[in-house]
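Given below, in the form of structure tokens, are the structures.
In the two complexes below, chain A is the common chain; its partner is chain B in one and chain C in the other.
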Partner chain A sequence: MLQTLQISGTAALAPTLVLGVTALLLLLIDSIDPEESSSALLSGVATLGSLVALAAAGAILVATGGEPQSLFQGQLVVDGMSLFFTFIFTSVTTLVTLASYDYLKEFRYKAEFYTLVMLAATGMTLMASSNSMATAFVSLELASLPSYALVAFLKNNRGSVEAGLKYFLIGALSSAVFVYGISLVYGVTGSLQFDAIASELGNTGEGLVGVLGVGILMIIGGFAFKTASVPFHWWAPEAYEGAPAPVSAFLSSASKAAGFVIAFRVFTVAFPQSTVGVDWVLAFQVLALVTMTLGNFAAATQENVKRMMAYSSIGHAGYVLIALGALTGSANQAFVLGAGMIHLVVYGFMNTGAFLFIALAEYWGVGRTFEDYNGLAKQAPVACVAMTVFLFSLAGLPIGGGFLSKFFLIAAAVEAATIGTYVLAFALVINSALSLFYYSRVVKAMWIEDPVGDFEVGGYPTGLYAAIIVAAVATFLLLPALGLFTNVAVDAAASMIQ
Partner chain B sequence: MSNPWIAVGALGLVSVLVPLGMMAASALIRPTVPEQGKTAVYESGEVPTGNTRIRFNIQYYMVALLFVIFDIETVLIFPWTVIYRDAVSQVGLTKALVPMLVFIGVLVVGLVWAWRNGAVRWVQPTTSDRRQTET
Partner chain C sequence: MVPIEYYMVLSAAVFCIGVFGILTRRNALMFLMSVELMLNAANINLVAFSFQNGNLTGQVFSLFTMALAAAEVAVGIGIILVLYRNFDDVDVTKATTMRW
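Take a look at the complex of A and B:
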């Protein structure tokens, strides 16, 4: 770090502002001529906007060294954690907007698509920075509402519309649960700001611990929806299957990371384990165990590749929940949280890449089941190599960053050295082994099986290919280069926990 | 033995029993005079026509949505206009004016987009459609 500069006021929010302005710009471009929307222009503006936001996040991180910058009387805070996650959101957004260039060519409402993606990304970066329950809720809604519309983007496709409706209804339910939880916590502590909640917690009367516990449980419910973990996970397979594949990639990577960043901040800043008197670590241990087991076992029984990936993303939510479930007093807390953050970075690339490969298959008109992928490697070897890297990295083989990030999670859980965390580490190993089975089914179909019928891939779309290859290279490079992120992540986590 | 929840439970019990008791008592005491007028939808004498499942023109939905946007805009601008003079003298013109201009600017971008995409274009139904909606 060069030196610690003071970045004043709204300049620290530059990534969020850039994304929001890009969304408005896309609307203006579309207003000029709504009938004739140019795919290249819109996709270019959206990709450029997210790249600028990415660069801005990096620049602020270098300039401030992750020093917390409090904005708007502490309603928002820009620190290492928020910038780290802004990096994840903007890189996933870049990949998705780049890939959508080809995917959306035939559709009419392109500008709306990119605008909604940009607005959702704005909400996510705001979630990463929010430092009070009010801003957390508003930014969560800002990230969610465009997502509902994006899932239902294929207006004339029954599956897409059904998925959008289900996603919306479950989202509305869990938002209601979440905001009720906030009201209970506010009732007990009398404040919405995270640090103020933490300092009020010591003064709560005996009788109010129950109310506080119910409030915390409800807030966990709200996060469970956003991160697609038990008990609000069942929207994920429906929504990811029905949605256009780039949207599934966006939701399962960026949206999930957004749910985790706000969960990390709420539970380490507002409800620190030492003062809260409610054992939320145990709740997260149970949730992590159930989520990863359910996700992986359900994924193993799927016949549809997209649905399999949806359940696998539930399983990965379970892995990251270890970062909260292992925050026991005996653990090296910064390392535990940092391991979760690192897994989310790697996951952002490998999972986005895998969904973009499915988008490529949809673009070609390949079917949805495992058998339909038979012999695809003969036609498109480059994309299939990339997909193999994604899948093996997701399973945790040392071919991509997924190996190291899972290793960190296991190490962090074992280091905490309680029965619960040992069980979690053990469950992660078992589930990863199981996941290797269903991921390799896709690899086997692509490389070993012979194609069922005569099938010619229709062209090699530039944008989709570029996005997939960038994601694959990033996934691969994260194996040797993960050390770069480890320090940033652990420092960010340490400065938040204090 | 002085759990305050006992009192709350008792209140809940009473609040259920009182209306139930009143309904039961009046059902026992009152005379029953069945009459046709009582079963009408509007006892005031208005004769209802058609059934309840009327199809609204979907275009009202857009109008309603635009109305909500402008309604909320008004709600947010109105208090700003009330304190505007004081705000200018306290924090200066830029800090008082620019945030509201940004807010209105964002809304204008949205309105322009909606207008260009035909949100306020009223499509006349063809005669066959109209017959369908009116019966």
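Take a look at the complex of A and C:
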């Protein structure tokens, strides 16, 4: 057993290891003098740790060229797909830890906050590398459990506690459903490893297809929770609204991407459409359609900016689900998956940025509704320009990468050329048009409306501003530079599908 | 040897009792117990299928499930404790400061 663990193999897990070690390091630093822990030191160590992990992921991708490396007898695999998503997770973590420096100034238990963020990020990077149901489940829980605690982090704030409770209850329920689904799939195939499941599926008897179908539906349920899609999306508006805004940013960007990477891998490697005999593509088409429509219509009716962003995040989960719903036999499968990955990268920056702007507004004590944002641009023009870039990019206007990534999704759906995917492409266009309505309400409030009272912003916090500006620049630059990512994403998807 | 179908019926029954508990109970602790029932239903399946398939993968995985269930309860009890401190109750329907 032990001699199979080669040094070169475990080195491929460097990003995960760095994140995990950083989490422990933060606790160590805090234990030296818990009362006097320096906020700058903790935030700096966390940010540095995630930057190192980001660099490590990039270095491994360049060194191996995305060649799959199987670890621990095939339980984990490090390939282009997992490294690509590790890039997303570590970028979001960096932005969030940087912004939390100002946001957390008044709170105790700072070290615990950063530790939980780092542990959740460790779980997410492991999810991206999981190659068996066992590691998928364990890493999914490693990403989820710290998130529950993070949402309920403001112990004396009723909203935060309520959000944490609802997130936890629905999370516990969906993970139980997920495990039950795994047990049924194991019963049919006798294996937990993805490629072994796929090879056993060919020998499945006629009578067992029903059991397998129920198992696959339950596994979809587990992923729906993690990606905040229908039918397990109810926690999202509550959790994102009640949680501290940096945590909302972290969950809605990184945690969603983590749910998608494991779904991509399970459904292309373990249950390939050609052998499985269960039409999961249809299930994802329905889910994508319902999720994006519900998310956008609910967002259009909100009065609270943070809750509006939460529903918009459900809508975006629906857009990315197109990447699974368009995996029909006639589709260019690598391009379809690649389009979903690209949208998640862009979304990682623009959505994190938008939630961090809300964090900035909370830091200033601005209220939560659209009217409270009235005239904010007069006092903080730089942050408001950044927010405008995020919102218009989320809506799909050509001011940020969101325009191109939505365009790729539409192209992928149209290219698949079945009735279902045409409907999805059409629904994406309609929903994006609707989303422009509610995103521009925020922009209108910031730039055009006059402020209600004589409100003064209380200072310009460095960490929050730095994170917002980095996210805005990245969102903007992703418009011309997206071609770079597209090749990497499509290559990674192609090598995983084989 | 007990046929595999019997185990599946048993685990499906336990799973359904768990779902029923989640849908009807308002006490957060009862909710946790119901989730525990659902997880154990999966464990019954895993162990039975493991015996049926003649490999140990399922049995080992059921140990993982138990450990994670314990970890989940630890976090859950913590959240329920702050729920009690803020709302003076463990009724999950009382916590409604945000509208659904």
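Note that the second predicted complex is superposed on the first by the 491 of 498 C-alpha atoms of A that agree within 3 Å, B and C clash if a C-alpha of one lies under 4 Å from a C-alpha of the other, contacts with A are read in each partner's own complex, and residues count from 1 in each chain.
The rule is short, and it goes like this: contacts are C-beta pairs under 8 Å (C-beta built on N, C-alpha and C of every residue); 3 or more make two chains touch, one makes a residue touch a chain.
Nothing here was measured: the structure is a model prediction, and the numbers come from that model.
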With both structures lined up on chain A, is it a clash or a fit for chain B and chain C? fit
How many degrees apart are chain B and chain C as seen from chain A, counting from C-alpha centres and rounding to the nearest 10? 20
For A:30, select first, second, both or neither according to whether it touches chain B, chain C, the two together, or no partner. first
Contacts of A:102 with chain B and chain C, given as first, second, both or neither: neither
What's your read, chain B or chain C touching more residues of chain A? C
With the two complexes superposed on chain A, say which partner A:491 touches: chain B (first), chain C (second), both, or neither. neither
Touch test for A:79: chain B only (first), chain C only (second), both, or neither? neither
Could you say whether A:372 touches chain B, chain C, both of them, or neither, answering first, second, both or neither? neither
Shortest span in Å between Cα atoms of chain B and of chain C, once chain A is used as the common reference: 7
Write out the stretch or stretches of chain A touching chain B in their complex. 24, 27-28, 30-32, 34
Of chain C, residues touching chain A in the complex: 4, 8, 11, 15, 18, 22, 28, 31-32, 35, 38-39, 41-43, 45-46, 48-50, 52-53, 55, 57-58, 60-61, 64-65, 68, 71-72, 75-76, 78-80, 82-83, 85-87, 92, 95-98, 100
Taking the complex as given, what residues does chain A use to touch chain C? 133-134, 137-138, 141, 145, 148-149, 152, 155-156, 158-159, 161-166, 168-169, 172-173, 175-177, 179-180, 182-184, 186-187, 190-192, 234, 237-238, 241-242, 307
Tell me, which parts of chain B touch chain A in their complex? 106, 109-110, 112-113, 115-118
